[in-house]
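See structure below.
Labels for the chains are A, B, C, D, E and F, by order of writing; each one numbers its residues from 1.
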Amino acid sequence: MDFKHGMGVFTEKMPDLARKYNAFSEACFKEGKLSKKEKQLIALGISIFSQDEYCIIYHTKGCLDQGCSEKEILEAIGVCAAFGGGAAMSQSVTLVQEAITDLSQENDKLH
Amino acid sequence: MDFKHGMGVFTEKMPDLARKYNAFSEACFKEGKLSKKEKQLIALGISIFSQDEYCIIYHTKGCLDQGCSEKEILEAIGVCAAFGGGAAMSQSVTLVQEAITDLSQENDKLH
Amino acid sequence: MDFKHGMGVFTEKMPDLARKYNAFSEACFKEGKLSKKEKQLIALGISIFSQDEYCIIYHTKGCLDQGCSEKEILEAIGVCAAFGGGAAMSQSVTLVQEAITDLSQENDKLH
Amino acid sequence: MDFKHGMGVFTEKMPDLARKYNAFSEACFKEGKLSKKEKQLIALGISIFSQDEYCIIYHTKGCLDQGCSEKEILEAIGVCAAFGGGAAMSQSVTLVQEAITDLSQENDKLH
Amino acid sequence: MDFKHGMGVFTEKMPDLARKYNAFSEACFKEGKLSKKEKQLIALGISIFSQDEYCIIYHTKGCLDQGCSEKEILEAIGVCAAFGGGAAMSQSVTLVQEAITDLSQENDKLH
Amino acid sequence: MDFKHGMGVFTEKMPDLARKYNAFSEACFKEGKLSKKEKQLIALGISIFSQDEYCIIYHTKGCLDQGCSEKEILEAIGVCAAFGGGAAMSQSVTLVQEAITDLSQENDKLH
């Protein structure tokens, strides 16, 4: 993934800032009163609304890794569409659905 | 609430459109594989990210009505902040926290 | 209006930039293949989507000044809502509707 | 188009939600006090401002299908640029202009 | 300021997350190859573009505290307006200019 | 670059509007109390936050042309990340870093 590689390069050049970014980010996503899965679903919702392609793929993967079913992800898309209308819908039915298909196939290959 | 009143006026003048908006919106937020509570948390996350004052208050109320604890809402804020940085944080620590306080007091009065 | 006053102050302090901004802006909104009224409706649609309070009021006034009926403005809101969902709807049924009422009353007083 | 295919897949899996989304969306875009053409122009304006690639292409097509001339679309871009500055301009002069060219050629082939 | 108070409440309730947010944020704004002043100007530019009222005021103050002249801030507004058009302009000529006036008066009182 | 070509086509078809857009834009970016370099850094910050791919590349080039070092650009990314969180970070570590690499190589070839 482009993002992973890019983050690696950035971390080498700005180690202190990247380390603190990661520490903050991990604190936000760790298991708490909300489960990791619920946090990934919230993050996916925001990613879709914000139309951020990298984050959409990243958090679709996050949702799948935390055990979300396809149906649960599609319902999260529904909430996005209620809030963000056609703009959210257009991102969802293309990027998210493709990511689900691609990532599920990868997982199948690994097993 | 301004929003409720405004929606009422709109519904009177555009009844067909408003009815279909509501039907769609209800389909998005109804209990499914994700609970209503999880859907409200996703919607709150998007509201904060989008800086939409009306929706922030509306979905903070939605979360509380679905039984979210303050801690759960604050963790949802954390996910927003990881994604939306200082912009998300500034909305959260002002509007959301005020809404929690105000809405909790109202609930207390009712009981 | 705050915006008008603020723009006046800015123009005094940054006359060259403000003059060129106005020249550009006027070129965008002048009568052409699209009427001024159609351009104001497009601008209102974008204002609502962008949740920019000043521009929402400014272009609601622009629409009314160009002879838009309330119904036409409400239909423009509909297009916004299709595109921007609940976020657009919440701005529309509060700010836009209030602006229509306030601005219509002002116009009535003038006549 | 990716969007059309994606929407088909989504509709199969979430039929109730998709049906209500479509009903709402159709109510927003149908002929009324504003013509379908004016509604497509408003939707294009919002699409450009929102930088939503799928919607930009979709509503450029919508505008052309409703009989907009190239000049009318370029004037709508102008309104966007007044509102959204360089960000709107960069989307417009690339995506919209390419879409106009591509879609016009397709139409020519059909006739 | 609402933001400061709200951040205090949040920090009490989510101490680990808030501490890591602050550590990250401080790493971003500290003197480096870019001066603190330049970083505040960049942050102000983004705040205006994002229409985040709290951050606009916060970073206008940050700019003034780092010794920016009014002229420098107005030129930063110009860059925003080039990028974000009327939406950015409307925030700038109202909120930013008011903040400059208010904050300058406060500073005068202190001296 | 797509943008340059597109802007050329647009200018031919809408000469008055394009000329005024350019005049305004140049007034915003010219040397003043802030240097051209500082203005490019502000514009890059906003570009990243807005996720506008064309503008991100355009202003990364602008920063390099005005003599920014890689370190200075990476610090500007840091400010963006503080403000825009993961969304800003994901754009930065991919698009901006690639643009720096590509544009630096081009410059090397020219010399």
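As a convention for this text, a residue touches a chain if its C-beta (ideal position, glycine included) is under 8 Å from a C-beta of that chain, and two chains touch if they have at least 3 such contacts.
Predicted, not measured: the structure shown is a model, and the values here were computed from it.
Chains touching both chain D and chain F: A, B, C, E.
At the far end from chain B, in terms of centres built from Cα atoms, lies F. Of the two chain pairs examined here, A-E and B-C, it is B-C that is joined by more C-beta pairs in contact.
Centroid distances built from C-alpha atoms place E farthest away from chain D.
Mean C-alpha position of chain B lies 29 Å from that of chain D. Per-chain CA centroids place chain A at a distance of 21 Å from chain B. Within chain D, residues 17, 21, 24-25, 27-28, 47, 50-51, 55, 71, 75, 78, 81-84, 86-87 each touch two or more of the remaining chains. Across the complex, chain E meets chain F through its residues 24-25, 27-29, 32-34, 38-39, 41-43, 45-47, 49-50, 55, 69, 71-72, 75-76, 78-84. Every residue of chain B that touches chain F in the complex is listed here, in rising order: 81-88.
The touching residues of chain F, when paired with chain D in their complex, are 2-3, 6-7, 9-10, 13-14, 17, 21, 25, 47, 50-52, 54-55, 58. Those residues of chain A whose C-beta lies close enough to touch chain E in the complex are 16-17, 20-21, 23-24, 27-28. The part of chain C that touches chain B in the complex is made up of residues 51, 70-71, 74-75, 77-78, 81, 86-87, 89-94, 97-98.
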